[in-house]
Amino acid sequence: MHSYFHVAIVTLLTALLCFGMAAQVARTRVKVGIFAPAMTGDPLLERTIRAHLNTLEWMPIFLPSLWLFALYWSPLGATILGTVWIVGRIVYFIGYRSAAKSRSPGFFIQALAAFALLLGALGRIVYLAATT
Amino acid sequence: MHSYFHVAIVTLLTALLCFGMAAQVARTRVKVGIFAPAMTGDPLLERTIRAHLNTLEWMPIFLPSLWLFALYWSPLGATILGTVWIVGRIVYFIGYRSAAKSRSPGFFIQALAAFALLLGALGRIVYLAATT
Amino acid sequence: MHSYFHVAIVTLLTALLCFGMAAQVARTRVKVGIFAPAMTGDPLLERTIRAHLNTLEWMPIFLPSLWLFALYWSPLGATILGTVWIVGRIVYFIGYRSAAKSRSPGFFIQALAAFALLLGALGRIVYLAATT
């Protein structure tokens, strides 16, 4: 149980990150004067909404890969890659807020970390299944 | 394993809640005559879609916090807070359907329950990591 | 641990499926010349986006049901139903891309598999809670 402390903390920081992005959407709504349920009408609001929702779209990729990597391979490796993913997502969100094209560097960082977790877990499990 | 029966039931009721909201979106589409893939064009449909999607946006906050709270602290506490969260989400959904401003009470209830789970789990894990 | 190899592989294939759908959205954006953060403006793009996002909307239904079915009942049953779900989602995505009405067969397949997992897990846990 205590081997997974840091993976659990990364998971809860990811939850806080999701909340922080949603809160930024809410603040941007007030700033530009466009209220729910409207999802369009201002470029900054639309970029902020998409930055939040793209992060949500990657949750079923990131969270299961993080935990399966931790459980079947290495909690430490999962913690490091998970932390890189969070940093990439913050860079992505700040970049996307400033301009649509500025989302690329952060997106690339988080995609690398997520794929390292996904393919690492998949490769490890297939290896274990073949050798046990 | 049997300690987590009720947390598992809360999780599956949450899945049914997600399905119920999606089904309500489908019924509203028929009622107002706006069909997929259109996401706009009628205020009631737009509010119903947002009520459903906001619930989805909170899933990476709620579900991991629920289970980490249960695993590292208290399955009973997780069950109670998880049930409050579901009730808050139902109040939120019904309120949002009637008017955008009426979503606040339910939103507040579910946010309180989700943050109790998130910060409770985080505090507990940091405490355990520091003392073991 | 090794009992869950195949459930873990189904989970990671689901993550790859999510990524594949998002990549198809990106390719469709290039094809029709409508770039993020815009979400509307071309029927094919709108159908592709909805096919991706509807799959995302079912994640909190599918993934928890898959694992609770596996843990409390049968990893083999979860693996088979999970594979049917993925196949249904691929049929759904290809169908929805061609026309909104063509999404029904795949939707029906994945809904059947997801509900078998959800209600199977729920029934099994309630049974176990009542008899232990």
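Just so it is clear, A, B and C label the chains in written order, and each chain counts residues from 1 on its own.
Throughout what follows, a residue touches a chain if its C-beta (ideal position, glycine included) is under 8 Å from a C-beta of that chain, and two chains touch if they have at least 3 such contacts.
From a predicted model like this one, the values you see are computed outputs, not experimental measurements.
Enquirer: Count the residue numbers both subunit A and subunit B use at their shared interface, divide by all numbers used there, and answer same if that is over half, different if under half.
Expert: different
Enquirer: Report, in degrees rounded to the nearest 5, the angle of the rotation taking subunit A onto subunit C when the C-alpha atoms are fitted.
Expert: 120
Enquirer: Which whole number of Å gives the spacing of the CA centres of subunit A and subunit B?
Expert: Going by mean C-alpha positions, subunit A sits 19 Å from subunit B.
Enquirer: What parts of subunit C, by residue number, touch at least two of the other chains?
Expert: Within subunit C, the residues that touch at least two other chains are 39, 56, 59.
Enquirer: Can you list the subunit B residues touching subunit A in their complex?
Expert: It comes out as residues 39-40, 43, 46-47, 49-50, 56-61, 64-65, 68, 71-72, 100, 103, 118, 121-122, 125-126, 128-129, 132.
Enquirer: Taking the touch rule as given, give the residues of subunit C at its contact with subunit A in the complex, in rising order.
Expert: The touching residues are 1-2, 5-6, 8-9, 11-12, 14-16, 18-19, 22, 35-39, 52-53, 56, 59, 63.
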